[in-house]
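The structures come next, written out as structure tokens.
Next come two complexes, and both contain chain A; in the first it sits with chain B, in the second with chain C.
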Partner chain A sequence: MATIAATAPRARRIRRALGRHPVGLLFVLPYAAFLVLVYAYPLGLAVYMSFYDYFFAAPGAVVERPFVGFDNYTTAFGDAIFLESLGNVVTFLVINVPLTVALSLVLATALNAKLPLRGFFRTAYYIPYVTASVAVIGVWLWLFSDTGLVNSALGPVAPAPPWLVNEFWAMPMIAFFATWKQLGFYVVLYLAALQNIPSDLYDAASVDGAGALKSFRHVTVPGVRPATTLVVILSTIVGANFFTEPYLLTGGGGPNNSSVSPVLHMYRRGIEQGDAGYAAAIGVLLAIGVIVISMVNRFILERD
Partner chain B sequence: MALLAALAAGGLLFLFPFYYTIVGSLQLEPNADISGAFPSPGNFSLENYAAINEALNLGRTLLNSGIFTAGVIIATLALGLLAGYALAQLDFRGRGVIFNAMLLVLIVPFQLLMIPLYVMIVRYYGLADNYLGMILPFAVNPTAVFIFRQFFKQIPVDLFDAARIDGASEFQVLRRVAIPIATPAIITAIIVTFIGPWNEFLWPFLITKEQSLQPLAVALANYISNVAARAANPFGAILAGATVLAVPAVVLFVATQRWFVQAQLGSSVKG
Partner chain C sequence: MLTHKKRFTKRGRVTAAGLLLLLVAAACGGEEAADPQQAAEATGPIKIWYSNNPEEIAWGEKIVKQWNADNPDEEVTGQEIPAGETSEEVIQAAISAGNAPCLVYNTAPAAVPQFQKQGGLVNLSDFPDADSYIEERTGADAAQYQSPEGGYYQMPWKTNPVMIFYNKKIFEQAGLDAENPPLTTHDEFLETGQTLIDEGGVEAAIWPAPTSEFFQSWFDFYPLFIAETGGTPLVEDGQAQFASDAGLQVADFWSQIYENGLAKKEAYNGDAFGEEKSAMAIVGPWAIAVYGESIDWGVVPVPTADGTPPEETFTFSDEKSVGMYSACENRGTAWEFLKESTSEANDGALLDATGQMPTRPNLTDTFSDYFDKNPEYTPFAEQANRLQEVPVVENSIEMWQTFRDSYSQSVIFGKQSPDDAFPEAADQIESLVSEG
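On to the complex of A and B.
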């Protein structure tokens, strides 16, 4: 009898502390453990490592990894290749962002109209996005090689050395590649944003005598602004994180590091050369950079 | 009409590299001239597929890609359905924190975690050249968890309460009521999750040095950067490998694009 009397308030107490379905905690536990193991802990480890002279020794060997304060960070700002890789990200963004925003918005507006073959076009523009970078890099290498189709078509005006090993063209080529590969995704994003523009805005514009171009500028462009913010932020994240493209498309960030990316540099210093503490510091700097740029973009694009 | 023509030209330009991959993979002698862009019966051969199969052991590397992808999909479904159902339908302390953490990780780029994950998985756990090490960082696709949560959110509570009144435990409710009605969400999650590990290059590249354990994307990339220079028709063989790598993802996408595009949208716009 006494036990029954005791359990009722206890159940209520548990309910108050853990919610109506405490078993829910058990259900999310594996996923929460995964988030800690694969995101939270490594994030902390990256910050920790970046303050130490953390290098890879032979497995099993006990080595000293002294605390070095901000040394890894000051080294990064004096590292010519790292600075060059940041410059390459800027080149990437300057080409990729305007091209992506302009092309995907125009394409989305066109595909939003009732057109024959609309489904086919959506598929066509989306296919590069679902294909492995490694697979499509193969054909780009062939297309833009010295004796490739593009140079065959261009004849005497073909650049020498060819595109992907040309110091001027290597980085823009990566930006064009990424634009082509990602465009379908952004078109779909804008298509969704277009559905949220009330059609009476277009009606009002046409009553006021606005043509197609005017209503595009004054109704469509402001109407999809949140999507534009998202596109710019996602492009920044992609730009700060590409690896496969400089590694394979331009033969390891070449020529002369003219297309090296921060992540490729991180891979070389951290994993090839074993200087993991330094590579972790680059990772932390990159993350901070991406967050700051995203916030600034958001602020600029969404002010009003 | 002009619009349609412009769209068609753009679409063809977009698809041309795919067409050219297939054409190039079937050429006996690589022909990079304009005439090489058209299939020619006189220069047709399956030699490149044989060459890439000999270099990479396509059966084995495809199997590795398959195991990597299947492992990620299974873990995503198991952990994701549990978490998605709980986050949508159960009331417990910490739900908000977990949900916010989940949204946060959608924007953490993998590359930032590359070095510490490498330290953990290769150095701490000794999981280099191991399927488990390959799968672990990708084990649960956060987008899929988000899809499950959104799906269960729009199911009325009464449906689950009926089973609860009949004395079913929460796990039985999930297994007998929630999962059977979630088929559309499960299909969407599988499709969206598939292209991640199937196309992934960086992570499996970092942790597999043995070719017999490499997924096709990694083996082909290594072929492009190391071996190709010594092969008879390097581009032909690369393009043959690229075709084999691209076909499963493209076919899956074309067959299921209605689901695919909506899911991508749902997770990125609402997220």
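On to the complex of A and C.
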């Protein structure tokens, strides 16, 4: 009797843990395993590494990787290049995120209207997004070089030194490039959101005397607010992790590290220079920063 | 019913347990390495990687085929080094994964200290005949490739002595003597450069990459610094050498090059010398095969402040070594294959196939037939007698990045005087190299 009495609560606990549809766990399992292996494990490893003088070693090699506590973190806050890279991220986000939201919403609204050649334009805006960065960077290098098309057109008002080796312009150019490159993706997000706004709302606004601009402001903008939250958060996350642009467009974060990004700095320190523990600390700090910014964005954008 | 607080606590516990599990899992792992003593004598199949340019692939395939015909029980499988941003990254990843091949015929000396620290390299000095073989083949320069504790973690293999390559047609167009160009002293070089810009119709007299990668200094500042000092490395006995008068003289030379617009501050998106946008380039003998047919070229040693006779001028070696990697199980075979592939006959085959210089003394005597048939390679072979390598020191890559950042800031972009920037960089570098 005592055994039966003890078994009953245990069975209830198991049933409660498995939920009402235990088979659902089986369906979730592959993705959960993927999540653990591809995201959670590397994240855990990065946190672990950041507290050690860690470097990658051959399997079985006897190497010393002592525990250093918060040393890697304190070093990061005294590292001029890392601090400069944080400033560069801020510059990048200040230009890239508002520009992305504004341009993609305006373009999506235009592409949602019954325009001639609408299919062509929708494809045209999406092409940079699906084209390899290396290829389009080649075009930008040609456009913005000293003797490139843009400087030829600008003539005497062209900046000197030219755009991509100019300490003032290098970061904004990277932000403009990233905005242009990613725009197609965000336009698609907004197009999907626009198609969910009931046409009755536009009809009602029209009856109330609203013109195109007022309809856009009072119907479209609030109607796509969830998409705007998504676009802001995604562009912040993607933007804070930029790497290819300074690596290729400005020749390794130049000039004078004025376009170096935290991820490029991580790559140099962790991969090129073998200081993986320090690179991991930068990665952890960057992840924390991005999470905080995204939470603030979400709080601001989703409040009524 | 669980309260919100209790649910949170439960979720928090699960998350914390998961994180702990991940940290424990992350801290563990790794395969067993080959037992060094057993592996040193073991023979059997091995894998090797060589560079991915067509000439070296042809040489590598030929050597492997020849070996396999003579040693059917110790088969060698050769392949190009897998594609990556740089060879060093690919090798580093292979070391960490434990699947590096036995030998890599494209190991940069600057990366060797890092690979050694990772436990990725075999100390060749552990083979009884290695030191004598390396020192006999390489000559006095062998010492430049020893680790600070004295072992050989790399076998010096081939060099690409860096010299000034110039376009004779552009020099003639500018009214300059294309057979004996005035490029011996810094002043001559600057004057010639200005003439090339004014009269030669080029965008730049010379166009080294002004970008921030750590290795770019090997092709602008470093060869001229070596020439100026008669063969002094960037760091010697733990002391940075570049903040000296000689280093600052070279920095001043390059500063003037950039200030006067003789070189561009932005990288050329293509091949500036090959497309005749610049009249000169700092290159090794590989350039003969690349530009030989399209450009009427000449070659001179790098300039010094007061001018140095060619037969006394030193330069940067741009050497590549062969590394034996610790994942190798049949090191006995690997060592024998390494010796075979660097024999006089196979070095001759390398020279013949690629035009790159085996790291041997007196190349013009050893391979006189080749240089009689290919006299255009002779200046590089003679230059190969006076070479300096990158220093084999701890934190080598970080050291070069520190130097590059300082050079870029002061010399290329003129934000700070080299007189101030170089001593600061020297202090940082001395601290870095002493960390080991």
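Quick note on the criterion: the second predicted complex is superposed on the first by the 261 of 304 C-alpha atoms of A that agree within 3 Å, B and C clash if a C-alpha of one lies under 4 Å from a C-alpha of the other, contacts with A are read in each partner's own complex, and residues count from 1 in each chain.
As a working rule, a residue touches a chain if its C-beta (ideal position, glycine included) is under 8 Å from a C-beta of that chain, and two chains touch if they have at least 3 such contacts.
In this text, all values refer to a predicted model and were calculated from it rather than measured experimentally.
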{"item": "Chain C versus chain B on the shared chain A, clash or fit after superposition", "value": "clash"}
{"item": "Touched partner set for A:A110, first chain B, second chain C, both or neither", "value": "first"}
{"item": "Partner chain in contact with A:V165 - chain B first, chain C second, else both or neither", "value": "second"}
{"item": "Which of chain B and chain C A:N256 touches, first, second, both or neither", "value": "second"}
{"item": "Which superposed partner A:V38 touches (first chain B, second chain C, both, neither)", "value": "first"}
{"item": "Touched partner set for A:T74, first chain B, second chain C, both or neither", "value": "neither"}
{"item": "First, second, both or neither for A:P22, with chain B first and chain C second", "value": "first"}
{"item": "Winner by number of chain A residues touched, once chain B and chain C are compared", "value": "B"}
{"item": "Listed stretches 38-46, 92-100, 110-118 or 146-154 of chain C, narrowed to the one that overlaps chain B", "value": "92-100"}
{"item": "Chain A positions touched by chain B in one structure and by chain C in the second", "value": "40-41, 43, 45, 49, 56, 59, 138, 141-142, 145, 147, 251-252, 271"}
{"item": "Parts of chain A lying in touch with chain B, wherever the complex brings them together", "value": "17-25, 27-28, 30-32, 34-35, 37-43, 45-46, 49, 56, 59, 107, 110-111, 113, 115-117, 120-128, 130-143, 145, 147-149, 152-153, 180, 183-185, 188-189, 192-193, 227, 230, 234, 237, 240-241, 243-244, 247-248, 251-252, 263, 266-267, 270-271, 276, 279-280, 283-284, 286-287, 290"}
{"item": "Chain C contact footprint on chain A (complex, rising order)", "value": "36, 40-41, 43-45, 47-49, 55-63, 81, 138, 141-142, 145-147, 161-162, 164-165, 167, 251-257, 268-269, 271-275"}
{"item": "Complex contact set, residues of chain C against chain A", "value": "18-19, 22-23, 25-27, 30-33, 88-89, 92, 95-98, 100, 114, 117-120, 203, 209-214, 264-267, 269, 325-327, 395, 397-398, 401, 405, 408-409, 412-413, 415"}
{"item": "Contacting residues of chain B [partner chain A, same complex]", "value": "3-4, 6-8, 10-12, 14-15, 17-18, 20-21, 24, 30, 32-34, 36-37, 78-80, 82-83, 85-87, 90-95, 98, 101-102, 105, 107-120, 123, 136-137, 139-140, 145, 169-171, 174, 195, 198-199, 201-202, 206, 217-218, 220-221, 224-225, 235, 238-239, 241-243, 245-246, 249-250, 253-254, 257, 260-261, 264-265, 268-269"}
